[in-house]
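Input: structures, listed below.
Consider the two complexes below, in which subunit A is the common component and subunit B and subunit C are the respective partners.
Right after this comes the complex of A and B.
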């Protein structure tokens, strides 16, 4: 094990299988540090969605279950009802959370189910080869918006701002970015603490990069991420 | 000591069965004719704080919520019907893949689509083979209020013992009809345990594989477990079959009507009996084959278009027996109607 890997990572599944340069790995490293810092590895259960999130199924040395597309939220809501003393994390992408699983996400926030949802927003369905997702911004080219995303399919979907309207007042909602890993880790810690200390719902959207489907190199990826941060403001939203 | 008599509906019996099976959590979404199971559970939970529930945003969440609870080690179930049963296939497929002890009580209603709200036997295919897999699910069909209670307990026991999802089929008439019953309390309850084990070495569960071979190994193991246990899981009732030359095969309330018809036909010296599958999947093929060998005509009667018939004929393929399929999708049968149908067929009308 190198000196930088989070202790909660499962070394047997490393090197990980994400594409070179994928933002998931940055987010998962900060999640690992957050778990280490809080000392909750033995108390945590992780639910993960399908899509690129699937690759997290054995990423951590914490109990993990991979479920169907969009269904991670209800699985972890159920799990937390059976195991209120455990820390329930749900990990998904923007398609899983904001399209197919949005109904469950809104209702978990609305009911204030004490789970922590972490949603990686890279503005596309990446595992299936880069289709447009709700968060794809106007005029962005994807395999299902080859001329650029038409406004008739909606602008970029602002999930945290939507959830804020539905969530209980004790809910914690934030947006982070892989461009600022320290802030990302701190928001994850705050979100997890909202579950453990306030027995309440928490949600962190993480703006991320997808060099393979964006067809960008490292520099271009982070340049596009900076542009994303202008449309999707970073910080605590609720 | 005989258990005390109760005057309850099938839906109330299902709730009592779940409680006596040790269920602690129910997830549900209102749908006729199964709504009273959710309401009944919530009423019990008001009295007993150990019982929990969530009225979810849809049946998809109800099914996956059940999976979350069982992963945490508690017995949980849902109840639904028709269009809700369709949405539950999503979670049932995951339960089938990961061998999770999902329990569902499905009160069949007429279909396809919203159909009718009272009665049908059209959810047999859905319950047994509705997923994108091979149908390793245990499916029971109850034909009376007291049997519904017993089968709900059996479903929890089998689901946790064999780790296959289990579905109990009833219908609106069974769910809403009130009868006098004395409930047989279970002799044995299979214990529950956390499936995500909370050990130092983490449990990693997935239902998605990257190679045909590695997934093939998982399926082989599941199929082998199914084949090893299916003869123990399978249950049936044979009624007036000792001397029967003609056999009726029916399940659920249609079987109850068939029994009454058979009792009357026996009085007219007709040698006719009933094979009633209590589990539709797996089928008690040993008992069925024994009976089929002694008969030359098998009437398969059901309130669906040949959903039961396909299961029966698959098991009996090659036997020299004549099948007469009587199908009335989403409509019931009275005993008199069954007598008339059989008599006129035998007269060659």
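Right after this comes the complex of A and C.
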């Protein structure tokens, strides 16, 4: 079954627990291919957050740490300080990274801690039923903004653009999208290499789809993702 | 009139519509003037984990909504059996989806099957299976069929996008209502989703689909540049239709495999 999915995937936990059409799994597939390509399966430790990202706890055959909500970044920073020879990946959603865990993220970027943060942005808190999150764009309907997100709650939160201001000059910050998996994989590889070769902070935000909470089918999901990409530009930001 | 209380436990899988069934039945019973308590119980996942509903319908006041022994246990998924087992006694009547579940472990006398997945996928789509179960349960609980259907149409209103879909669901509902519950020994399910790997060969290409992993999200169909994929008749995980490949159109570009979130599809060129 190895040519269906990345070798680093844990086949015993498949089919995984993500919803049909979940963007998490597309991003994790590219992360798996990136780990395979770099040959770092034995050297990697993956920290995961609360939210849909916690379903990754047995997703890979790599060492995995489950942390508290928003505390994935500081846990992996501490882990990396204790074990500098390991490769530390922090995997979280936009709620964990941009709401409750933002200060940890900014300071990790500011201190240039050599970890790689991968943040999945699907514009809502998906596990609890699709509530409004910082990244929800104006006028987008969620379960807690049934008439569309009011402008007084702010526009969509642009995390990478914020981190660019704080991060060290050696840091690597990028935004990718599940609509282009090959670019996503290459950016992930580049981010992990920035940790191993430059000993610096790296951050990749992945624009993702959430068909269940957006109440869209595959085609509509990718159409909405295309709209998102207009607001959140894709590519290397720093 | 003697006060009567019926305690029902519904167990299925997240995404199957278990909670929708409970919601519609409790709303209908409440409209009929009964006292109703309904407690949903499910895990953190929105899909794929056991989903249980505790439903109490009574002509008397309900003091406490949870219970230890159920009068009816409705089992809609094989994996939900273990969650229900501790609420059943030899007196419990068990109704289950005989097309996908084999409740051989239960030691009760009253056990009835309804091949809901099979009937629903043969008559409309596997998705409509909960409407069929509502129909069957409405007769069992002696709730008026017409009112139950109206409540179903009200709750699921938005999902019935056209009148045609609504009418077909009504037919499914009536089919469930009129279906005579099976009594049998039920040693194994009558209707099993596709298992193993489906391989297709031709035009110098080899296509493989793993139905056990496919959740029918439709991303491969949307992303295929050659439009070689369509939803077929075979069923995969969660009893949902899996894609079929037209190998004449396929260019083996690997896009579907690159996108598939579940690692369920692979198309290779053969030399």
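Here, the second predicted complex is superposed on the first by the 237 of 238 C-alpha atoms of A that agree within 3 Å, B and C clash if a C-alpha of one lies under 4 Å from a C-alpha of the other, contacts with A are read in each partner's own complex, and residues count from 1 in each chain.
Simple rule for what comes next: contacts are C-beta pairs under 8 Å (C-beta built on N, C-alpha and C of every residue); 3 or more make two chains touch, one makes a residue touch a chain.
Keep in mind that what you see is a predicted model, and the values were worked out from it rather than measured.
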Overlay on subunit A: subunit C relative to subunit B, clash or fit: fit
Touching partner for A:82 - first (subunit B), second (subunit C), both, neither: first
Which superposed partner A:74 touches (first subunit B, second subunit C, both, neither): first
First, second, both or neither for A:192, with subunit B first and subunit C second: neither
Touched partner set for A:61, first subunit B, second subunit C, both or neither: first
Partner chain in contact with A:222 - subunit B first, subunit C second, else both or neither: second
Touched partner set for A:126, first subunit B, second subunit C, both or neither: second
Superposition-derived angle with apex at the Cα centre of subunit A and sides reaching subunit B and subunit C, degrees in steps of 10: 100
Minimum C-alpha separation between subunit B and subunit C after superposing on chain A, in Å: 5
Set intersection of subunit A contacts, subunit C complex versus subunit B complex: 54
Complex contacts: residues of subunit A adjacent to subunit C: 1, 3-5, 9, 14-26, 29, 54-55, 126-127, 129, 181-182, 211-212, 217-219, 222
Partner subunit A, residues of subunit C touching it in the complex: 15, 44-49, 208, 210, 212-213, 215-219, 221-223, 237-238, 240, 257-266, 268
Touching residues on subunit B, where the partner in the complex is subunit A: 24-25, 27, 52, 54, 56-58, 60-74, 76, 90-91, 93-94, 98, 194, 196-198, 200-208
Residue numbers on subunit A that touch subunit B, as the complex places them: 10, 42, 45, 47, 50, 54, 57-58, 60-68, 71, 73-83, 86, 103-104, 106-107
